[in-house]
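Here subunit A shows up in two complexes: once beside subunit B, once beside subunit C.
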Partner chain A sequence: MRVIRLLLVDDEERFVETLGKRLTARGLYVEGTHSGEAALALLQARPFDVVLLDVRMPGMDGIQALREIKKVQPLVQVILLSGNASINTAVEGMRLGAADYLLKPAEIEEVMAKVEEAFEKKRLEEG
Partner chain B sequence: MTRLLRKLFGLDQWRPVVARQDRRAALSLQYRLFKELITSNDEILELIADVEQKLQGDGLFGMTYVRSRCVNAATHAYRMIQTINKLSYRRYQELYGVFNGIRAGLEHHLDRGPHPIEAPAVYPLSEVDLRLAERVGTKSANLGELRNRAKLPVPDGFAISTDAFLALFQAGQLRDEIRAMEVGVELEDQESLAAASASIRGAILRAPLPEGLEAAILGAYLRMGERLKCTPRVSLRSSAVGEDTQTSFAGQYVSVLNVSNAEILGAYREVLAGLYTPRAIYYRAVNGILEEDVPMGVACVAMVDALASGVAASVDPGRPDSGALVINGSWGLGVGTVSGSVSPDFWEVGKGAEPRILSLRLGTKEIRVDPLPQGGVGPSPVEPALRERPCLEEGRVRELARLVMAAEEHYGAALELEWALDRLGRFQLLQCRPLRLSASRGSLRREAPEEVDGHPRLLTGAGASGGCRSGPVVVASSPEELGFFPEGGVLVARHSSPQFVKVMDRAAAVVTDVGGATGHMASLAREFGLPAVLDTQKATAVLRPGQVVTVDADHGAVYEGRVDGFLAGQAPGGIRRAIRGTPIYRVLQEAARLIVPLNLTDPRSPDFQPSSCRSLHDIARFIHEKAFEEMFRVSDQVADGEARTVRLEARLPFEVHLIDLGGGLAPSAQGGAVCAEEITSGPMRALLAGMTNPELRWWEPRGISVTGFVSVATESLFSPHHDLGQRRLGDRSYAIVADAYCNFSSRIGYHFAAVDAYCSDSLHRNYVSFRFKGGAADEERRARRCAFIAQVLSRLDFQVERQGDLVNGRLRKFGKEILLDRLDQVGRLIIATRQLDMRMGPGTSVDWHASAFLSGNYLFDPAIRPEGAGSEG
Partner chain C sequence: MGGRGEIKAIAPVGGRSLRTAVLALAALPALVLLAFALLLALTGGRRPGALAGLLLLALCAVLLASIPLILHLLHRLSAMERQGAAFYHELTRLAKVASLGEVSSSIAHDLNNPLAIMNEEAGWVMDLLQGAGGDERAAREEIRHSVEQIQIQIRRSREITQRILNWARDTDEPAAAVDLNLLLNKTLYLLESDLQRVQVRVVKRLASVPPVAAGSVAELRQVFLNLMKNALDAMGETGGTLTIATSSSPGEVRASIGDTGSGIPPEALPRLFEPFFTTKEEGKGTGLGLAISSWIVGKLGGRIEVESTPGQGAVFTVVLPARTSEAMEPCNGGSHAGHPTAAG
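== the complex of A and B ==
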């Protein structure tokens, strides 16, 4: 199985750094960025399998970013991350095609499991 | 889990390799959607079981827990709705509306939260009683109750509300600052915890108080001074919301004594900072409890410059039936008595209209603690003459006893009270809480005999948490194994790990090789009310997994087997059920009404439709049923020799409909029905062989003479006339098969049994997963049946997880032959278990039933003795 290419998007820089390190240690290829706009630019520059996307960010928020990402890269799997659990946000995210919705703080095992699941889904959808 | 199954399974193997590519691709897409739907259904069932368990009072949780469960359940339900609509070309759009109704209800409960925030407020104690407990916290509420409603002496003072805490917490950057510091903590690292604790406490001590709060506190203080006609010194104590939240899980509770007017705001912050001791941070992180879940009020009362102080209990905790109350006390403030650092005087007083002093044991009282002129308190030696004098005269003891009895009568419950005798010779009550009587037998340090009633002593160690319980040994050598920790197991580990907190509400007792009575493990064990024997040096070497032992923490010993004499009168202790009745529990309870109840039980009922769905469980149930229908519809559409749906001809108590995805049925099979011989799916054949095992004789009447436990209801259901042609309405099961795969699912009313298996020559892909939930019987019978299933599965080498009435067994990476054998057993289990809840009433033995089943006694005839087991009962 090839390496999962993950894009981690969160305005909290320390979070991106810490989680990025831990996911890299588990064999993922990880790039991190701190805004929805920057994430979109990166996704147009090179391919990713899974995006971990924070919902609450200044500027373009996670839901807006998700909408844009699905326009440019419909097959990339987006997992929404949120520190403030809201059913409405979760459902809106799923409606817009998010693969999953993850609550912060999440255990690293749970993050890994969701990422792997999303990657599997992408492989199947790509056929 | 299903994620894993899918991974092992490698769905891409269904990719078309032959012609009619688009048709098979269609089927493959449908199959992927189906698996997705099954995954979400499984996750919802797990969430429901977990919530049900929490509602029974098992374990602690915070608002984060409630939120995450609601959001996850809603997300999965929504995903199921999306998927079923993809699967059916949007046949079930109506579900979106139904879902939105439920989701609005859930949002409403979540928004309100356990503590609707009000303006921060400060209440004079004269306006406080228990009815205000949610605003001011338990400690302040009890003081007000004693003062205003029981009319007992309590110092003047005021209560700072929990809303003030929330306002402080939410104002400015404090919350974000604290979160950031907590995120960086390495929980396993004591230094990291200590550093985080120090910096968070620093941030709180520096944080400005919200405008208005400062004025309110100082105003309340000034008015108190006017009433007392002085500039009083005060003491501040934490006052959290919730009956039993005064345990350390919510924080280390702080009192700041002898505070002057200039320091009062600082002291308030200091009390709040007490929520951030290293252990409290650790505990909340592991349990997912946020500070907002345990908002802190503060009780501020006039400092009593005490001649003597102490603690009184309205019932003797050591001898609850003696009819005596007990008082201890020493010179000066009560700090030393409460913390245990001073040896106090001790009175036993017979309760009655005229209290009688039954005994007095003089303490040594070398040290006293008194208020210092500059503020704070300090210790000093007690004059030798005073050491030998009781700190209370006999008349005073009787006077205090009357106060204690009056308080007990007012509450109608056993109480523990802190008391002080002021310089004017008046008693003041400073704190009041319910007295928790433990069933523990006396001192922690007594000699453990080498043998008890023929049970040899296996280990000795430090008894770190009292009590005595018995159970099978579970050696936790890695955190991953904890997922399968059985209810009532004895946790045996080399040393403590933060992971253990997750199983402590299920464990019976704890034994470790290393560790002491002051460590994490010991304090956690005490919080969960678990007997713990630590520092045994060799527990992991001596104890064997599955071996039944008795852990006697009162004597610091572990014995072989079940020492019944020790276990008598041992109550399940601790805080397990303490969470009931707290505000957060009520939020979960309200939300659970929209998640847990299952109203749609009969697929043939006219009510089995979207508009009847009243909970997320209903939605999941409905969609799960329809998913099979849709799969059959799809496969009928593409049926041209590739995929087929057929009815199975077999003697079973339910009808089975099959879809073949490829290689699961013999090419010869034609038409609407197949017989067992035409099934070529390995796992399905094995399962079916088990279900149709002639020894099961499920069609035979179960007479009262045979079992002695069968209720009238079962009698009518399983009467001799009830045969092949007369199945219960709705008794329909589905199987989706391929050469090496089967998914079998059977739902009968409240029951749900599902098998998912892949058996090939490729060892690492192989698995069998068996899931069982429910049953209409009462909780006790259901629990016993689940315990029975869990035990059978685990004796068949399955890894078993139990959550409430959900049993989840899985077997991985075994050879094909073994898996096929286990599937045969699982088939038998599905049939033999159907009526079992009816007979598994109180007094029936789970062990006996498991042994009976495994030795082929499928009718559970008590006259037949299974090998290696005793008689039933």
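== the complex of A and C ==
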């Protein structure tokens, strides 16, 4: 099985750094960035399988970013990261094509499970 | 509306002008009577005449007959005013509970970020202890960094919870000396997370000598919070500039909240302070914010002035009687002075 390429997007830099390290330690290829705009630029530069995307960011928020991502990379699987207070936004995101959502703070096993599931989904869709 | 904005000053409670009208009505027959007596005196009572006597009698009768009616009207009016005050009092309480809900949900949101970071840091320490870090010295260094980060995030969380404590602690002390500069800064601080989310630049033009109003910190904060939230709503996703200004003139202090949003449509101006009137989309506004604000400000002997040019924004100015310089109590809320940052 090839390595899952994950893009982690959250405006909290330290969150991206540490979660990135933990997912790397679990065998993923991880790149991190801190805004929706930067995420779009990275997605246009090279392929990713799964995007972990925070819904609440300054500037382009997660929902706007999700819309744009689905335009440029329809096959990439987006998992929304959301706090309890923005759960409605996460549910709306599912309607807009997000593969899944995770409530922050999340257990690493749950993050891994959802990322792997999303990756499987992408492979099936790619055929 | 041309280049200049439209200015409208608002009388907060309608009952007062009605009362004046009733009193004027009562005074009218008395005045006529007085004029008549004067006329009689001037003519030297040469021809007192039956007609004049009759008129005098009739007027006296009208005056006497109207006394119970006038008294009744006055009584009804004060009852109405009392009911009105009770109604607004209840509304203010409800609005406060509602805004407490909003503030706590925004704070819960803010707490989630440090919690999520601490969760990852603690998890990473666990990973390292289970041998994820390679050599031992590097792992120790990693663990130290993570623990430091947890401490940083704990401090950050403490600041966030402090905000809700400050909010809850401010009491309803009715006639405190309120430093408007401090209160505006603290109110802005409550909205910090909203400010960060939208593209809003904050410009402060605060008087160098803090204007001091007589009023209740909790009530006035409610007013400023309402005005600031409206300003942010008016600017919406596109953002803009939020201007906070204070000034004093003899006997009066002013605090104004200006935005560069959509402005107020001229047809909405006359109804702006009516309860349940809102220009926001359904589910976004209750139409109570400005009604309650103008009631609170009116109760303190002040008024709210509105200036708006549609398409260019609006400025709401709260004008309050200045507090005569007595012993100045600090604007309560503990030692934590908020320093809101301009986001954008």
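The criterion applied here is as follows: the second predicted complex is superposed on the first by the 123 of 127 C-alpha atoms of A that agree within 3 Å, B and C clash if a C-alpha of one lies under 4 Å from a C-alpha of the other, contacts with A are read in each partner's own complex, and residues count from 1 in each chain.
Definition applied: contacts are C-beta pairs under 8 Å (C-beta built on N, C-alpha and C of every residue); 3 or more make two chains touch, one makes a residue touch a chain.
Everything quoted here is computed from the prediction, not taken from an experiment.
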For this session: Applying the touch criterion given at the start, work out whether A:E31 contacts subunit B, subunit C, both or neither, answering first, second, both or neither.
Result: neither
For this session: Could you say whether A:M94 touches subunit B, subunit C, both of them, or neither, answering first, second, both or neither?
Result: first
For this session: Please indicate which partner A:L124 is in contact with in the superposed arrangement: first for subunit B, second for subunit C, both, or neither.
Result: first
For this session: Look at A:E68 in the shared chain and tell me whether it touches subunit B only, subunit C only, both, or neither; answer first, second, both or neither.
Result: neither
Exercise. Should A:I108 be classified as contacting the first partner (subunit B), the second (subunit C), both, or neither?
Worked result: second
Exercise. Looking at the overlay, what does A:R22 touch: subunit B (first), subunit C (second), both, or neither?
Worked result: second
For this session: Give one of first, second, both or neither to describe whether A:E116 is in contact with subunit B, with subunit C, with both, or with none.
Result: first
Exercise. After lining up the shared chain so the two structures overlap, which partner does A:R56 touch, if you call subunit B first and subunit C second: first, second, both or neither?
Worked result: second
Exercise. Is A:R14 contacted by the first partner subunit B, the second partner subunit C, both or neither?
Worked result: both
Problem set entry | Contact residues common to both interfaces of subunit A (with subunit B and with subunit C) | 12, 14-15, 18, 85-86, 105
Exercise. Okay, in this complex, where on subunit A does subunit B touch?
Worked result: 12, 14-15, 18, 85-88, 90-91, 94-95, 100-101, 103, 105, 113, 116-117, 120-121, 123-124, 127
Problem set entry | subunit C-touching residues of subunit A, taken from the complex the two chains share | 12, 14-15, 18-19, 21-22, 25, 56, 58-59, 61, 83-86, 104-106, 108
Exercise. Quick one: in the complex, what on subunit B touches subunit A?
Worked result: 3, 6-7, 11-12, 15, 25, 32, 36, 64, 67-68, 70-72, 74-75, 78-79, 82, 103, 106-107, 110, 180, 183-184
Exercise. Quick one: in the complex, what on subunit C touches subunit A?
Worked result: 105-106, 108-109, 112-113, 115-121, 123-124, 127, 132, 146, 149, 196-197, 199, 343
